[in-house]
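Presented sequentially are two complexes of subunit A, the first with subunit B as partner and the second with subunit C.
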Partner chain A sequence: MAQPRFWSGQAIGIAALVAGALVWEIGAQFANPAFVAPFSTTAARMWEYAASGTLTDALASSLAIYVSGMAYAIVVGVGLGLLLARARLLRIGLESYIMILYSTPMVALIPFILSMMGFGFAPKVLVVFLFAVFSVLYNTLEGARSLKPELLEVARSFRSSEYAVWRDILVPYTLPFAMTGIRQGIGRGLVGLVSAEFFLSGSGIGLLIIRSGQDFDVPGLYGAIMVITILGVALMAIGRTLENRFAAWRGLS
Partner chain B sequence: MSMAMDQRAPAHETAKAPQGERAPARIRARGLGKRYGALQVFRDIDFEVGEREIVAIVGPSGCGKTTLLRCINGLIPLDAGEIVANGERVTQPIAGMAMVFQHFGLFPWKTVTANVAYGLRMAGATRAEIAEKVPYFINLVGLAGFEHAYPYQMSGGMQQRCGLARALAIEPNVLLMDEPFAAVDAQTREILQFELLRIWSERPTAMVFVTHSIEEAVLMGHRVMVLKGRPSSIFEMVDIDLPFPRNRSTLLHPRFAKLREHVWRCVMDEAQAAERELHV
Partner chain C sequence: MSDAALPAAVPARKRLGLSDEALARIVCGLAILAVWEGAMRLWAPPFIARPSGIAVAFWPTITSAAFLEAAGATLGAMAQGLAIAVVAGTVIGLAIGRSWIADRALHYYVNGLFAMPMVAILPLLTLWFGYTSGARLATVVFASIFAIIINVSDGARSVPREYIEVSRAYRASGFSRLMEVVLPASVPYLLAGLRLAAGRALIGAVVAEFFAALNGLGYFILFNTRTFKHNEAFVAVLCLACFGVAVELMMNGATRRYLPWYRREDRGA
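Let's turn to the complex of A and B:
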């Protein structure tokens, strides 16, 4: 039953994308080429970049920053989230700071980071980290805190050690919530990546976007933006797949 | 002392056997008292539970039955008195004791096998012991074929079978039952009561069975502890001189009806008084 509906759903989705590309292609013929490049030219420029290695170099440089920043965000966000869920006093102490930082637009911190750390690799990683970490932390913490106290009592009744509580209860229960945070963090981290590459030293895909803009290379500009978009869509899809996989026990997937 | 004992018929003398098994005591409780802030929940509670004895606890809701059971398990501290189980003073959960919870308390991310293995793992069982015992107890509670099912895929009755297997698997000599069948439907409840009696007769242990069902208390217990009053204390310890093994025909026993009526009166006196007060 589900299979035909799944495929017809996929078909409509793909048809909508093709239609969008067609509208873009045809619409661009009537627009000023100084601002708008048609789909075919954009795709051709991307192909050119890919063939010359410009695109792969930019991607590799951006991904190095992004993956490092996300790795720190996940480790710190999940670890601190779990710890704060278990350690009540620490949580009460840090809660207001987390809320403050979670609601601060991180872009505002970039000039500060620039003056502190300069133009290297590390400050960009820090920006990605700061953009992503609070989604991970907040979702992990709130998830872990929603664990029913009854289950912790069951653990106590069976004489579980603190280590066993983490391994058998806290971590497996919280993983789906942490994954939701990671999926949100993936998107925010990407914003952080492009911001860092714009406002700190230009590098990677961010530099490609800026340079294409300065050179009035409209197809190049569109192409670079599309690369970031495709990257975001792919990462989100991975995040959602992981999220569903860890939530299997909730009977949702 | 009680009406129930006065009316004991000679035909039921054989039923006294389980009481002979009461000594030596597995649990000794002396002068138990518990307060939540200004609210005294219970006080002056003394009782013993034999090695192979089932003591059922009934009482009006809010009388502290479950609180008492959690104290016996060492989950919450007492304010007065002491509990000694397995020769050890209970101040936190001790080895050899297992609880079956009203809310089942299964870990939703674990399969039946992993849930049943949990208590064993916490008790430090080896991999080989776990591999041997888990299937045995899954089979014992009638969950064969559901080894890889998750709790959300099972009915309430099956979930509680899993909770029971998890407790039985550590082969406790004290089994604590906290209204274990209160959250399942009536038919399932009956089935589970008789299954538990069957399992108990295969492996008799000390058992404390908290329930709000008077019928269930009389069916399961060698003795029924009636808790009441504010703060509550033991109103009466009723000997249930019905023969073992108990099964469906126990319910048809004329003695069963008499004992149920007696316990009902013990419990309800106060409930009726409270109701009268409301109407004044």
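Let's turn to the complex of A and C:
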């Protein structure tokens, strides 16, 4: 019963994508070529980029920044979050500041980072890190806050070692929350990556977008934006899979 | 004296617990400021922002006409963009949530555009709208609308079937079913979406100001850091942080009021 509906759903989805490409292609014929490039030209330009290796180089240099920044963000965010789950008073002390940093738009710090650290790899990694880390930390803390004190009390009355407390209570309890944070951070980090490549020193896919915009290379601009969108969708899917994988630990779903 | 002190003894212990937390907050806050100030004094050139410098610059900056104008411009664009995104996003979200075909047809587009980092389309928007405040408004709308669409459609999809059946049994028209049953049931989801959207809108506004050099807090920060007035620029960052926190608190409060059992179930960032 569900199966045919699933397939007709997929068919509608794909038909809608094809229809979108057609509308884009035909609409662009009537539009000013300075603003809109038809789908075929965009795809051809991307094919050209992919064949010449421009695209691979750009993606590789962007992903190097992104992956380093995210790795730091995950290690620091989850590590600090777990530590604060154990140290209650410190958690209460820092909680409100972390909430403030979580809701501060980190883009606003980019000009400061530029004038303090200049151009290069490290400042861009820092931007990705700053965009992502507070999502991870804030959500891990949320898990820490909902950790039942009874669990720790029982563990203490059974004289479990510190290691056992971490292994059996802290990590399993807060990890699903941390995963929500990581999923959120994946999206934010990508915004950070593009902002860093736009506003610090141009590199990777961000530079490709900027340069096409400045050269009025409209097909290149559309194509580069599509590439970053596909990257975003893929990363989001990874994040969602991670989150769902660990959601079962919450005992909710 | 001692008679009066006795009954106060029991609540006094509770108050001690509370002040412990407040004390922890204050000590941590002071420690953060001290580390920041110390590190800057030791290692950074004197123009870099530090707490003492920001404290001195705070009042003159926040009362200056340039700052107020910039804050007004950013906040105005945000409010205007969010208003557009809420109205349009709710309409599209309701359609997706209630119509299976609309859902299947649009879901690649909505999820794809939601996952796209909105900074990426700035060059395109400046191409379409020029280096004007129209480009900023478009960025804000674009940054925020998909979060609202996704949340409203979730809400419209999860309206209890009984509500729909009752309204059908009373022969309510499709339109009044939508307006009087589905829409109110989706409001808590709309709030959750708005919370997410507002944060993204703020980033969108600042980024557009950086990119297109539009008058606003983003440009205020850019201009002042470039002229080595980091402390003044940081006041604008504080102002943006206040917007962010105010939205967060307002939405948390409203969500708690309208849907107490609703856990933070936002998507993406």
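Here is the rule we go by: the second predicted complex is superposed on the first by the 231 of 253 C-alpha atoms of A that agree within 3 Å, B and C clash if a C-alpha of one lies under 4 Å from a C-alpha of the other, contacts with A are read in each partner's own complex, and residues count from 1 in each chain.
Everything below uses one rule, namely that contacts are C-beta pairs under 8 Å (C-beta built on N, C-alpha and C of every residue); 3 or more make two chains touch, one makes a residue touch a chain.
These numbers were taken from a predicted model, which means no experiment stands behind them.
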Is A:90 contacted by the first partner subunit B, the second partner subunit C, both or neither?
-> second
Return first, second, both or neither, reflecting whether A:111 touches subunit B, subunit C, both chains, or no partner chain.
-> second
First, second, both or neither for A:135, with subunit B first and subunit C second | second
Kindly classify A:153 by the partners it touches after superposition: subunit B alone (first), subunit C alone (second), both, or neither?
-> first
Tell me which of subunit B and subunit C touches more residues of subunit A.
-> C
Look at A:235 in the shared chain and tell me whether it touches subunit B only, subunit C only, both, or neither; answer first, second, both or neither.
-> second
Name the contact category of A:169: first (subunit B only), second (subunit C only), both, or neither.
-> first
Where on subunit A do the contacts with subunit B and the contacts with subunit C coincide?
-> none
In the complex with subunit B, residue positions of subunit A that touch it | 150-151, 153-161, 164, 168-169, 172-173, 248-251
In their shared complex, subunit C is touched by residues of subunit A numbered 9-10, 12-13, 15-17, 20, 34-35, 89-90, 92-94, 96-97, 99-112, 114-116, 135, 142, 183-185, 187-188, 190-191, 193-195, 198-199, 206, 209-210, 212-214, 216, 218, 221-222, 224-225, 228-229, 232-233, 235-236
Touching subunit A in the complex: which residues of subunit C?
-> 20-21, 24-25, 27-29, 32, 44, 48-49, 100-101, 104-109, 111-124, 126-128, 199, 202-203, 206-207, 210-211, 217-218, 221-222, 225-226, 228, 230, 233-234, 236-237, 240-241, 244-245, 247-248, 264, 266, 268-269
Residue ranges of subunit B in contact with subunit A within the complex = 73, 75, 92-95, 98-99, 101, 103, 105, 107-110, 118-119, 121-123, 150, 152-153, 170
